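This report concerns only the one structure given below.
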Amino acid sequence: MKNIDYIDNFEEWQRSFRFFRRIKVRFCETDMFGHLNNTVPFVYFEEVRTEFLKALGFMDQWTNEQSNEIPVVADLKCDFLKQVFFNDELYMYAKVHKIGRSSIDLHYMAKKDNKEIVLVGRGALVQINKHTGKGVPWNDEMRQKLQHSQSVSFV
Amino acid sequence: MKNIDYIDNFEEWQRSFRFFRRIKVRFCETDMFGHLNNTVPFVYFEEVRTEFLKALGFMDQWTNEQSNEIPVVADLKCDFLKQVFFNDELYMYAKVHKIGRSSIDLHYMAKKDNKEIVLVGRGALVQINKHTGKGVPWNDEMRQKLQHSQSVSFV
Amino acid sequence: MKNIDYIDNFEEWQRSFRFFRRIKVRFCETDMFGHLNNTVPFVYFEEVRTEFLKALGFMDQWTNEQSNEIPVVADLKCDFLKQVFFNDELYMYAKVHKIGRSSIDLHYMAKKDNKEIVLVGRGALVQINKHTGKGVPWNDEMRQKLQHSQSVSFV
Amino acid sequence: MKNIDYIDNFEEWQRSFRFFRRIKVRFCETDMFGHLNNTVPFVYFEEVRTEFLKALGFMDQWTNEQSNEIPVVADLKCDFLKQVFFNDELYMYAKVHKIGRSSIDLHYMAKKDNKEIVLVGRGALVQINKHTGKGVPWNDEMRQKLQHSQSVSFV
């Protein structure tokens, strides 16, 4: 396995995921080189991330028009380990790696047919005030839910 | 030329366009069959349509948070006349074909290198109240601008 | 229901679909007007169409590098009946409406939560020789499968 | 400026770019939070990268059906410094940061209206044999062109 700076122990790392969604590669997501285009894994990262944040109850809050907070992506990285092809079914995993004051560091892993790892990634998400653009700290309830997600399997 | 029900006289039709934008096919817009994916022309239609509506001053109004009106697409059609490939440069044309009470019928044409017609299309756009979803009639100023666009070249 | 020229009897029409896939609206498929962007239903049409053609065994054939035939979209139309939003789950239906010599006319219908119809559409698909670009007639086996799909439910 | 591990001296770094393309944010690239969706900068990175590789003459070679080599993205990272909005015009820069045996490390920078830096990024690209998937070393001509691009402005 290629050396990836955000993964210490690969075996341990992959066992620590508790949440995934199945995603099938769409035809329009391929390119003329015959494989999944390099821009698409970030769509899959968003897909599993929003499902994860929905499961925590965060998305409902943020997509409510009355809400002053929205999440923004601060950075995002993908390591492409294997080529992915049309029709491949990916098990796309996400987990909270670290909880900051108003941010989280999320890790991502995609396994083809839930076996071979084909993509890994990470990225920070920050909760900001949508008017000022400033970070808004997690409240206690949110923080507990984020911590809880690290130890318990949930769908 | 294939029979297309929204075009009477093809020669006249293509001469009646006054507005275009140049669009280069992106690599990620191709698919594994080696050509432009069928879902992408609708992105190009939107691109030239928003540029056109920007030039009329409509987009500024609709994207203003205070505005109660937004435009919605009521229908959209594309006829694929020739395959389009990576790196092709399209001259993407748009025009107002018909002006309704709160809607317009827009026509689209894409010429490769401003020569061969490769895509044509049409679609209705309706101005609605974003809270009620009901159609909002064009005011006099908007109607005049729409009419004006049919007779005058503008960038 | 708005008048749509490819649908005669709406009740009958919607009962005649035998194939669907569930598709959840992705966050990145929304736009700043807060709803599903108008370019995305064509992605959903492609999604259900390729799944349908996969179920018939056609996709495997066409995506085989040795194959001389590929399918191309000749035209595509969407009628937007209701706004669609983030998180909506669509039941996206497809069926063969008419079988031509080397083409088919496909119809599409999306129901939110399998209840309210939000999108309908149609479009022709042509089997061509990828080197010459000419239409390639369906062989007997393909024609039978296409006919069969019109009368029998299959997943 | 936030600490970014692939940038030593920010002033120097931004002056070292010699190649850019102007990219206007498309309406469909926004999301319901009103800004550019986080998945889109990777499309812009690909856009400037392919234009850059086209200018070097590499794309023509790789997209030739006879070619045994294709480029693949090994990893890709984006740091989102400022929110980007509909209608923003970005000056999207790319440069070769480091030349490996069969790979290059590319850096990316997007300036709004060619002034404020809103996005930066990096990623490795590898030339592989499309049949074996193995890395194919740059030949002398390619290596020279890559080196040349680091010192000379070109459009």
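For clarity, chains are labelled A, B, C and D in written order, and residue numbers in each chain start from 1.
As a convention for this text, contacts are C-beta pairs under 8 Å (C-beta built on N, C-alpha and C of every residue); 3 or more make two chains touch, one makes a residue touch a chain.
Keep in mind it's a predicted model, so treat the numbers as computed, not measured.
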| item | value |
| --- | --- |
| Interchain contact steps from chain A to chain D (minimum; 1 if touching) | 1 |
| Most widely separated chain from chain D, with each centre as the mean of CA atoms | C |
| Separation of mean Cα positions, chain B and chain A [Å, integer] | 36 |
| Centre distance in Å when chain B and chain D are each reduced to the mean of their C-alpha atoms | 30 |
| Chain D residues counted as touching two or more neighbouring chains | 27-28, 32-33, 35, 37-39, 43, 46, 63, 86 |
| Residue ranges of chain D touching chain B (in the complex, touch as defined) | 26-28, 43, 46-47, 50, 54, 59, 63, 86-87 |
| Chain D contact footprint on chain A (complex, rising order) | 32-33, 35, 37-39, 42-43, 46, 63, 70, 72-80, 83, 130, 133 |
| Chain B contact footprint on chain A (complex, rising order) | 27-28, 30-32, 34-35, 37-40, 86 |
